[in-house]
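This report refers to the structure that appears directly beneath it.
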Amino acid sequence: MSERSLNINIPVLTRVEGEGALDLSIENGKIGELRLRIFEPPRLFEKFLEGRSHMEVPDMVARICGICPVAYQMSAVQALESILGLEPGPWLTDMRRLFYCGEWIESHSLHIHLLAAPDFLGFSNAIDLAGKHPDIVRRGLRLQEAGNAIVRLLGGRSVHPVGARVGGFWRSPTKADATRLLEELKTLLPQAEALVRWTASLPLPDEKQDFESVALGKAGEYPMNHGRIISSKGLDIDIAGFEKEFSESQVPHSTALHCHHNGQDYLVGPLARMNLNHDTLPDSTHKLAEETGICFPSANLFHSIVARALELHLALTEAIRLLQNYKPADTPYQQATHRAGIGFGATEAPRGILWHRYELDETGSIVSARIVPPTSQNQARIEADLRTALNNFGLDKPEADLRQHAETIIRNYDPCISCATHFLKLKIKQT
Amino acid sequence: MKNTLPRLAVHKFSSCDGCQLAFLNAGEALLTLSRRAEIIHFSEAGWENPLAKVDIAFVEGSISTPKDLERIKAVRESANTLVTIGACATAGGLQALRNGVKQFADWVGDVYASPEYIQSLPESRPISAHVKVDLELWGCPVTGKQVLDALGDLLNGITPVNSSEPVCSECKRSGHVCVLVSKKEPCMGPVTRTGCGALCPAFGRACYGCFGPAEQANTASLAKQFEHMGLSAKDISRRFLFITSATQPFSDTGHGYLEQEDV
Amino acid sequence: MINPHPPHLARIIDRVQESDDIFTLRLRFNDPSIQSAYEFKPGQFNMVYLPGAGEVPISLSSDPDQKDSFFHTIRVAGRVTKGIDKLGIGDEIGIRGPYGQGWPLESAEGKDVIIVTGGLGCAPVVAVIHYVLKRRERFRRLVILQGVKHSHDLIWRASYERWAQAPDTQVLIAANATEAIWPWHIGTPIDLVQQADFDSANAVSMICGPEGMIVAAAKSLTERGLPEADIHVSLERNMQCGLGLCGHCQLGDKFLCKDGPVFAYPEVKFLLERGGL
Amino acid sequence: MPIPHYLPHSSLQQLFEALTEDGYAIVGPQAKENRIDFGEIRNTAELPWGIGLIQDAGASQLVDGPKNRCFAWANGPQAMKPLLFAPREPLWQIRHGKNGYVVDAINPETRRLAVIGLRPCDLSALRIQDQHFLEGQYPDSHYGARREGLLVIAVNCTHPAATCFCASTGDGPGAKESFDIALTEDDNGFVVETGSPEGEQILARLALKEALSTQMETAADNLRNAASSQRRSLVSDNLRDVLMSRLDHPHWDEVAERCLACGNCTAVCPTCFCHAEIEEASLGGNHSLHSREWDSCFGERHGYIHGKQLRPEIKQRYRQWLTHKLATWHDQFGRSGCVGCGRCIACCPVGIDITEEAAALLK
C-alpha cells in the first residue's frame, strides 16, 4: 500500500436528487477527513406549518420533495388522523397502499435506470446508456410512467398530487379508469421480472459491512404505510418512540442533520426493508428473490439495487392485486371534528422511514411539527460506508477510479438531498 | 452532426426537485429530446458543466442564499435563453413564506441547533428578481406538457405561448362541478392561472392557487366573497399566502387580511 | 358540409426584404387547380398558417389580376410572424381565404382616389395603389398620403418616389420625427390632408392605420367637403378563424372578418369615435 | 298542431327504448356531485328523481324535491352547448410527408343524439347557435356534423329557479319551437306535444292515450305559475340604443370592482360562441396539431392584437360582454343574446347578476 496523500473533492454530486458534495482527504494512505457535504438551502417547512390548518398539511409537506410527495402526504395524514381519531377503513387502507406502490415504482425505476445503471455499465448518463442499450432505458421509462400513472389515478398528478387529504381521498377513481390502468400494469409484470434478473446480473462488488438495518415491520405485509420500527439488532418499538431511540445532530458541513441510533449510524431504505421483511414478500416476488441467488438479509450494500428492483416488482404485483377487485367508494373520505393532541406518522418512503410528529390545538391548527426524512437518517451511514468501502477498494487506486467508486457508493443510497434539508433541532420548543 | 444541436442546461436552486421531473418523467419524450438537443448541464441526470455556454437554460428553484445569487448571475451569462420553471423559480416558492417574517433569524435557530452554520438570505426570491428571464413557466409543479411544449417551440424557433387565463376557463371546458358555487369551497380558481388542467376542481376540491396569479386577478373581490362565505380573516390570508405568496396580488391581499387578523 | 378549417399548402416563390422587419412573400398554391381558381379583391385577407406556430390574418398585397401567384407583405410582430420571417424561397406555409370585404374599387372608378395610411397600415392599401396605377385611365387623380412615426419607418421609399412621377398622382409623406435629410413633411398624415389636391364632390378615400389616426383623417377629409359615405376604412381586431365564427373580431354590430375589414366610414364611425371598444 | 298525448312516468322507459331502437344515444340530466349534469343515460332511473335545485346569485345547491318528479329543477351549468360546440376539439394536423407538408383535416366522430331535458331557454339558445354556426357564409362542419340527426326532447319548466327570468325575455317557461317532442311534467307523467315528423313518428309507436283536458289544464296552470313565480326580469327586450349610449356609465366601474374576469358567465352562457385556436407542435418537430377551444371576452386573448390589449381593464371586458350580449346582438342575430336561463347569475363566483347590472345601467 502506498503512503500517498490526496484530496478528492466532488463539488457537485450528480445523479442524486438535490445538491450535495463530497470532501475526502487521504493522508499517508489513510482516510483522513471525509464529509458528505449537503448545501441544499434550508427551506424551514416545519416553521411554515405552524399556525396552518391541519387540512393544509398534505399540500404543504408534498412540496418538501418532488420525488416522494406521496410519502410526505402519507406520513402526515397518518399522524394527523391519529390525533383526530380517524381510522382508515379497508378501502382507504388499500387505496393508500396503491398510492404508495405508484410512488415506489416511479422512484425506484427512476433511480435504477436514470441514476444508478450508468455507473454499472460504464456510462455517465442514461441518454448515453440508451444509445447502447435502448431497451434497458425504455423499460425503465415505461415502468416509471406506470408508477406515475398509479399516482395520477388517485392524485391527479404524480408530483405534488392533489387527491390525498386528511381523512382519505378527495375523490375515488372511476372503475373504468382503474380497469384501464390495471390492464396496462399487467402487461408490465414481465418487464419488472426481467428488471430484477438484470439487476442481479450486474457486476456488483462483493463486499460485506457491519451495519444496523432499520425499517418498519410487523405490518402483516411488506411495509409501506404502517408498522412498528424494527431493526436487525432487535429493536422493536412503536413509532411514537422514535425520538427517544434515535438522535439527530447538526454537523457544520451540512444543512441536513445526522441521525444516530445508540451513537451508531444505521441504514434505512430498500435494503434495510428487504433485510427485515423479505419473509412477507408475495410468492412471485419471493421466488424471484430466491432466483437471484442473493440471500436476504444481505450485508452487501450494493445489493440495494437488487432490493430496489424486487420492491418494484412487489409494488407492481401489489398494485395489480389492489386494482383487481377495485370498487369506487361512496365516501372516499371521512370528515373529522377538531381535537387537540400530538400524533406520529411513519411510512416507508422509497428511500426509507419518513417520520412525522405534529401537535394540534383545539381549532385544528398546527402548534408544532417535526419531520425526519430518510436521507438524513442515512447520512452518517453513507459516510461510514465510504470509509469502509474505499479502504476495501484500495486507496492506492487511481484518483479517477476512487472518485467514481465513491460516487457509486453514495448513489447506491439514492440520497434525496432536497428532503434532507429541513429538520428540526433536537429539542422541540415547547409552547 | 451532433455538435450542431442546440445546447441545453437544467439548473437547480432552492426547490423540491419536482419541476426537473418534467424532463425525467417525460418517458419516450426524453429520448426524443436527446435527439433534438444536446444536454450540457443537468446534475440530477448526470451532466455537470454549470458554466458552459448553452442556447437554452431551464432554471428550477428560488434564490435564497448568497451563493445562489452568484450562481444565478453566472447561469444568466452562460445562456442565450433563460426559462424559469415552477413556483420557486418564478415566484419564490413556498419557502417565500419566510419573506418579511421578522422572526426569520429565530426560525433558523428553532430549526438548527447551530444557526451560525446556515447561510441564508432573509428572503426567498424568484429568479427574475435578480436576472433577466426570457420565459416564466408557472406551476407547482410545472407540467411536463408545459415544459416540453415550450422547449419544442424554442427548438423550432417559435416564441412559446404562455397562457395566463384563469383556472376557471379550463375548469369549465372540462365540465367540472364548480366547487365554489355548488359546495361553497373557497376556490382560488378565478384568480389563479391555468396550466394544471383544473385538477383540484376535478377532484371536488378548491384550487389552492399553486400556479400563481392569473392575468386579471381580482383578489380583493374574491377575498370579499370568501368573507361572505364565512371565512375568517386568518383563513383568507392563508388562502393567498401559500404556494406563491410572494406574487403581487396574492401577497397584497393575503397580508391585508393578515393585518386584520392581528388587530 | 365542406370543412372550412384546414388550410391549403402554398410555396414561397420569392421573397423581398422591404425594411428591417417587413418583408414580402410571393406565394403560389401547391395545387394548381386551387391557384387558378383563387380570386381576391384588394383589401381582402388570408389566414396565413405557419405549421407549429399558428395562423394570422394578413392582407393580400398583390394585384388581383396576377393569377399565377399572390403576395403578402408582413411585419414581424410576434409568435407567428417572427416564425414566418425565418422562411425562405421554397418553404411551405398554409393559406386559407380570401376572406372579408375588399375596397370598393368598382365604385371608385371615374373618381379621385385618396389613400391615407398611418404607420404600418400601408400593406392593405398598397394593393390599391398598384391596382389604380395599372388601370390609370379608369380613375382620376391618385392622392397618396402616408404618415409614419419616424422617417426610417418608411418602407417602399423608392416606390413612393416612383409613384410620385406617375401622371395625375400626388404623393405626400409625413413623419413625426425625421433623420437629417427628409424631403417630405414633418407632422402627421392629417396635416397632409390640407395639402392634398382632390375634388371632394367626386372622390373616394381609403384609410388604413391606427384607429385614432383613422378618425382624425376622416374628420379632416369631411372638413374638406368629402362626404363620409365616400370614406372607407380598414380595421383590425384579433382574428382566430377568419370565418365569422370565433367571435374575436366583433366590434359593435360587426364581425370584422366577414363584414369588414373594410367598411364605409358611416358604418363604424360611432364605434371608432367612441374608442376603447 | 297535433293533439297532445299523455306519457305516464311508467312509460318513459318505453320512449327510451324506442329511441335506442332507432339508433339514438340518449343524453339526459343526472344529479351529480351537487349539480345537474347532462350525460349519456340508458335508463329512466338515472334521471334526477326527487331532486330539487336551489339557485341564487353565485350559488347552486341540490336539495330534495318532489319524489315523483324527475324534472323538478330548472337547469344545470350546461345543457346543449358542449354537446354541439365542443369545449375543445382538434381541427387539423400537419406533418412532414415525402414532398413537404401534409395537412389532414380532423372531422369529429359523431353519433345521433337524442337529448332529453332541454329547457325552453336552451331551445332558444340552440336556435341562436344554429344561426351562428350554420347560417353564415362558412357553415361550421364540426358543429354541423353533431347537429345533424339531433333529436330534441324538451321539457317545459315547471320549477324555475330564483335565477330564472325567461318569462321576461320571452323564451320560456313553455317551449314554442325547435323541438321534436316537448314534455310538461305533473305528478304522474307528462303531457306530450310533438314539433316535428320525427317526433310524431316516435311517439306513434308508444301507443299513448290522448291527454285529458284536466291534464292539459294542469300543465298550462303549472307553466303560468312558473312564469309568474319568476322574480327576476330583464328590463326591456331591446337594450341596444340605451346600452350603447351609456358606455361611460359609472356603473361599469362598480361592476368591475366585483367582476373576477374569470369567464364563468361566458362559459355557461348557452349562446356564447367565442373560441380561440391553438397550435401544439410535437417535441420531435415533425408534427403539429391545430385545435380550437372555448374562449371568453374576459380572457387575455380576446382583445389582443400584436403586443397590445385593446381591452386591458376588467371594466372594458365586462362592458364588451354585456353590450354584445344585450345590445349589438340584436343587429347580428335579430334578437337579444340572452335567453333568460340565469346560468351566468348562478355560476358567477361572486354572484354578479345580469338583470341587476342591466337595470342599474338603465338608471
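A, B, C and D label the chains in the order they appear, each numbered from 1.
We take it that a contact is a pair of C-beta atoms (placed from the backbone, for glycine too) under 8 Å apart; a residue touches a chain by one contact, two chains touch by 3 or more.
What you see is a predicted model, and the numbers here were worked out from it, not measured in a lab.
**Student:** Quickly list, by label, the chains bordering both subunit A and subunit C.
**Tutor:** Common contact partners of subunit A and subunit C, which must touch each of the two, are B.
**Student:** Out of every possible chain pairing, which has the most C-beta contacts?
**Tutor:** A-B
**Student:** Measuring from CA centroids, which chain ends up nearest the centre of the complete protein set?
**Tutor:** Per-chain C-alpha centroids ranked by distance to the global centroid put B first.
**Student:** I'd like to verify one number: the distance from the centre of subunit C to the centre of subunit D, where each centre is the average of its C-alpha atoms, in whole angstrom.
**Tutor:** Centres of subunit C and subunit D (C-alpha means) sit 40 Å apart.
**Student:** Compute the distance, rounded to whole Å, between the mean C-alpha positions of subunit B and subunit C.
**Tutor:** Spacing between the chain centres: roughly 43 Å.
**Student:** Can you give the whole-Å distance between the Cα centres of subunit A and subunit D?
**Tutor:** Computed from C-alpha means, the inter-chain centre distance equals 51 Å.
**Student:** Based only on mean CA positions, could you tell me how far subunit A sits from subunit B in angstrom?
**Tutor:** 25
**Student:** Subunit C: which residues touch two or more other chains?
**Tutor:** 52-53, 78
**Student:** When you check subunit A against every other chain, which residues touch at least two of them?
**Tutor:** Counting only residues that touch two or more other chains, subunit A contributes none.
**Student:** Check each residue of subunit D and list the ones that touch at least two other chains.
**Tutor:** 278, 281, 285, 295, 301
**Student:** Kindly provide every pair of chains that touch.
**Tutor:** Result for touching pairs of chains: A-B, B-C, B-D, C-D.
**Student:** If we count contacts the way the header does, which residues on subunit C are in touch with subunit B in the complex?
**Tutor:** Residues of subunit C touching subunit B: 50, 52-53, 78-79, 82-83, 86.
**Student:** Under the definition above, what is the set of subunit D residues touching subunit B in their complex?
**Tutor:** Answer in residue numbers: 32-35, 37, 58-62, 77-78, 82, 87-88, 257-264, 267-268, 278, 280-285, 293-296, 298-301, 314, 317, 346-351.
**Student:** Looking at the complex, which residues from subunit D come into contact with subunit C?
**Tutor:** Subunit D reaches subunit C through residues 91-92, 94, 100-101, 103-105, 107, 132-133, 136-142, 144-145, 244, 247, 272-279, 281, 285, 288, 290, 292, 295, 297, 301-307, 310-311, 316, 320, 324, 328, 331-332.
**Student:** Quick one: in the complex, what on subunit B touches subunit A?
**Tutor:** Subunit B residues touching subunit A: 12-21, 24-25, 27-28, 30-31, 34, 39, 43-48, 50, 64-65, 67-68, 93-95, 97-98, 107-108, 110-114, 117-120, 140-141, 143, 196, 199-200, 202-205, 208, 210, 235, 238, 242-243.
**Student:** What does subunit B use to touch subunit C in their complex?
**Tutor:** Contact set of subunit B toward subunit C: 153, 156-159, 161.
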